[in-house]
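Below are two complexes that have subunit A in common, paired first with subunit B and then with subunit C.
What follows is the complex of A and B.
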């Protein structure tokens, strides 16, 4: 049976110049969801609402089948969050920060913490404020992992991180997901992370979810076709996303359907190219 | 819950020792000034000589300054105007709220930090005042009356300073920097109105009341202080559950 680890319904948050939602969002146990969107699309606001750092204007948030407002402390024991929250404690060393944070997690694994600190070459004696941007991200990432959370909420965890550590982070996240019981929601601008880690992709634009889909669907359905000509029917077809001239080509979000339509219309396909994830996301945001 | 709150309060106070030390130094400086004024006040009230001194300054010290002992006022959030924009207390609280800390433990830890800070600064202040006072001071005011006087003002500082955790963690950087000025203006107006109505300073009046009524004044002040802090703590708990941090 597939169960939801996160179940959000009708979530809204209004500011003077920005509104988020209403958002319906679900994360199944054992899956990783990528949250993709342009800067200012509301990804961080969304995470902060899930962590109850911002108060929603409407809707409900259930995590592990429990209402966030009722069981907040219990829920947070099993959630790891990366969201740039350590900066106000820049006067503390990494070791002091770990002591401040680990106290609150009964499941904190000191051995794992030491192992990760060594793996990412973190100087525990260094003041957090003196760490580079990438190191700060790595420290936060380590803190999010060490209490063995069932859900990871990662808001751009690898931004500014060196490529070697990025690879290590991906490895650690893949290991984390290995038992099939843990889930990730990952906001990122790094397409490789989406490709390698995520099962589902949710596109957030101007505070609204404009698309949610399974990653593997994309490869099967989205394509660019070079064709002999384009009929009126095809031009207005709901699965034709874009038609471009010279050379004549069209972009579709459902290749099997369009192939049949082209055959019916007697249009010759000269060449087919599957769309990359980046291209699909670009088209979706353009459509949204 | 108390154990968690105490652990967090201790941890934070420890990490802010520089701010605490600087606040203590400033507090001791004011204590030296206070000792002179207090001695002059007691000589004027209970001695035979006619003494002229600045009773307004003495009132300002006790009315305005002693409640500020509840805050580490020589720390960056208070000294740096950038705090209006940066809102450092809310950002600190954002991390705590992201951790599995019960709200009650979190708000209690704020109150404990306030009380511990107030105790440290008050000890520094009153011990310095006591040592700086001349020997003849206790001919006019007995040690018992002097102790009642200290406890009375400690209770008062608890009443007004009790609001501090709420201002720091329940509001924003703008309010943090505006509220002290509102208080100062309000207190100054009170000091002047009081003098015009009663014909003597507030501290002078308190000294006379202590001579006449003794312990009940200290007990009442401490009682109101404890109740005030309790109420502000409850309000802070509610506020922490309902506010945006970022």
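What follows is the complex of A and C.
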């Protein structure tokens, strides 16, 4: 029952100093994908293209099996987005914003809205422009959830948000995914969010997807091995990412392959350790 | 509904298998009596910081070997398992644990004699007061 909720092919966008793509990207129904990359790698541009806030230069975007350019309004009714979209409405209060936004969503749940406003201690009378960075994120997050979307596109939803609210957001996102039909694309610099919420990880670097994988694959493939010695073959092996001295050790992105190779070369493994997610991401971005 | 399960970073075992073995151990050990609700695949994935692909696979395997059952819309529960099957499973759990301990011993360079000495010491410490 593997179906895609998002299917993007050959998406490109060119600027004078920056090019995004071509990007192929898929989101499986009921899963969360983490979008990871250094600042300026193109994550926000990517989101803006998916939301059709930016015009792409090529490629196709299909959401819920429908073409974005043909069925934009239809699609957006079931998409929740957090990504500094409300800045032009700074002069409105949170309450005024909510009536503006709820108008566009037939599935808007007012009870849920009130509940979330209380849960995150939001002052509805405050002008959006006067809210702190974290409060703005919380307000956007609440708006994104209230129309019960099938897909959430979250561009750093917890940036600047206090730790207690971050915890609540995590809880709300887990509950959101509980029925197994709703999906999330989450751009974040918070490794705990990747660990606790996401199933797949996509790494974006300089406008290109350099890696895309299921999170737990790392456990089986990436490892650090302490070895008796290293041969020429291994030093140049494409699955050996790094060799370090004292004590002699190597990092691999394909343990089963390297184990066989070591056996062939008569090299003994003294110890094997798994790599943490942080380490793997660092190596991937370093390579790319 | 938190389960006392841990995924080991060190272990060679795939994560879904670690989950499977530990849930089995909790069931046959009587810590999770029949009817006990289990966390959803999403909640368990978050708890263990793995993916739902992994937790789903573990639950599917546990379901097909008769340890748990999923009721549409209600959740996943521990099933009643036959006493004999329980005994067999108990032995299997212990067997697997020994197997793992010995593998780890070999990895750090223990000989058969070393391992036997350690084994006897541990037995002694646990059974002779």
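The criterion applied here is as follows: the second predicted complex is superposed on the first by the 288 of 288 C-alpha atoms of A that agree within 3 Å, B and C clash if a C-alpha of one lies under 4 Å from a C-alpha of the other, contacts with A are read in each partner's own complex, and residues count from 1 in each chain.
We adopt the following convention: a contact is a pair of C-beta atoms (placed from the backbone, for glycine too) under 8 Å apart; a residue touches a chain by one contact, two chains touch by 3 or more.
All of these numbers come straight from a predicted model, not from anything done at the bench.
A.B. asks: Are subunit B and subunit C a fit on subunit A, or do they clash, once the structures share the same frame?
C.D. replies: When both complexes are placed onto subunit A, subunit B and subunit C end up side by side without any clash.
A.B. asks: Regarding the shared-chain residue A:273, is it in contact with subunit B (first), subunit C (second), both, or neither?
C.D. replies: second
A.B. asks: Where does A:101 make contact in the superposed view: on subunit B (first), on subunit C (second), on both, or on neither?
C.D. replies: first
A.B. asks: Is A:199 contacted by the first partner subunit B, the second partner subunit C, both or neither?
C.D. replies: A:199 sits against subunit C, while subunit B stays out of touch.
A.B. asks: Mind working out whether A:177 is in touch with subunit B, subunit C, both or neither, as first, second, both or neither?
C.D. replies: second
A.B. asks: With both complexes overlaid on chain A, does A:239 touch subunit B (first), subunit C (second), both or neither?
C.D. replies: After superposing on A, A:239 lies clear of both subunit B and subunit C.
A.B. asks: Just subunit B (first), just subunit C (second), both, or neither: which does A:231 touch?
C.D. replies: Neither partner.
A.B. asks: With both complexes overlaid on chain A, does A:4 touch subunit B (first), subunit C (second), both or neither?
C.D. replies: neither
A.B. asks: For the overlay built on chain A, what is the smallest gap between any CA atom of subunit B and any CA atom of subunit C, in Å?
C.D. replies: Shortest inter-chain C-alpha distance (subunit B to subunit C): 29 Å.
A.B. asks: Following superposition on chain A, which residues of subunit A contact subunit B and also contact subunit C?
C.D. replies: Residues common to the subunit A contacts of subunit C and of subunit B do not exist here, since the sets are disjoint.
A.B. asks: For the complex, give me every residue of subunit B touching subunit A.
C.D. replies: For subunit B paired with subunit A, touching residues are 7, 11, 15, 88, 91-92, 94-95, 97-103, 242-246.
A.B. asks: So in the complex, which bits of subunit C are touching subunit A?
C.D. replies: Per the stated touch rule, the residues are 9-10, 12, 14-16, 40-43, 45-46, 49-54, 107-108.
A.B. asks: Considering only the defined contacts, which subunit A positions touch subunit C in the complex?
C.D. replies: 30-31, 170, 174, 177-178, 180, 195-200, 214-216, 219-220, 271-274, 276
A.B. asks: Given the complex with subunit B, which residues does subunit A contribute to the contact?
C.D. replies: Those in contact with subunit B are residues 48, 51-55, 72-77, 81, 83, 85-89, 91-92, 96, 99-101, 103-105.
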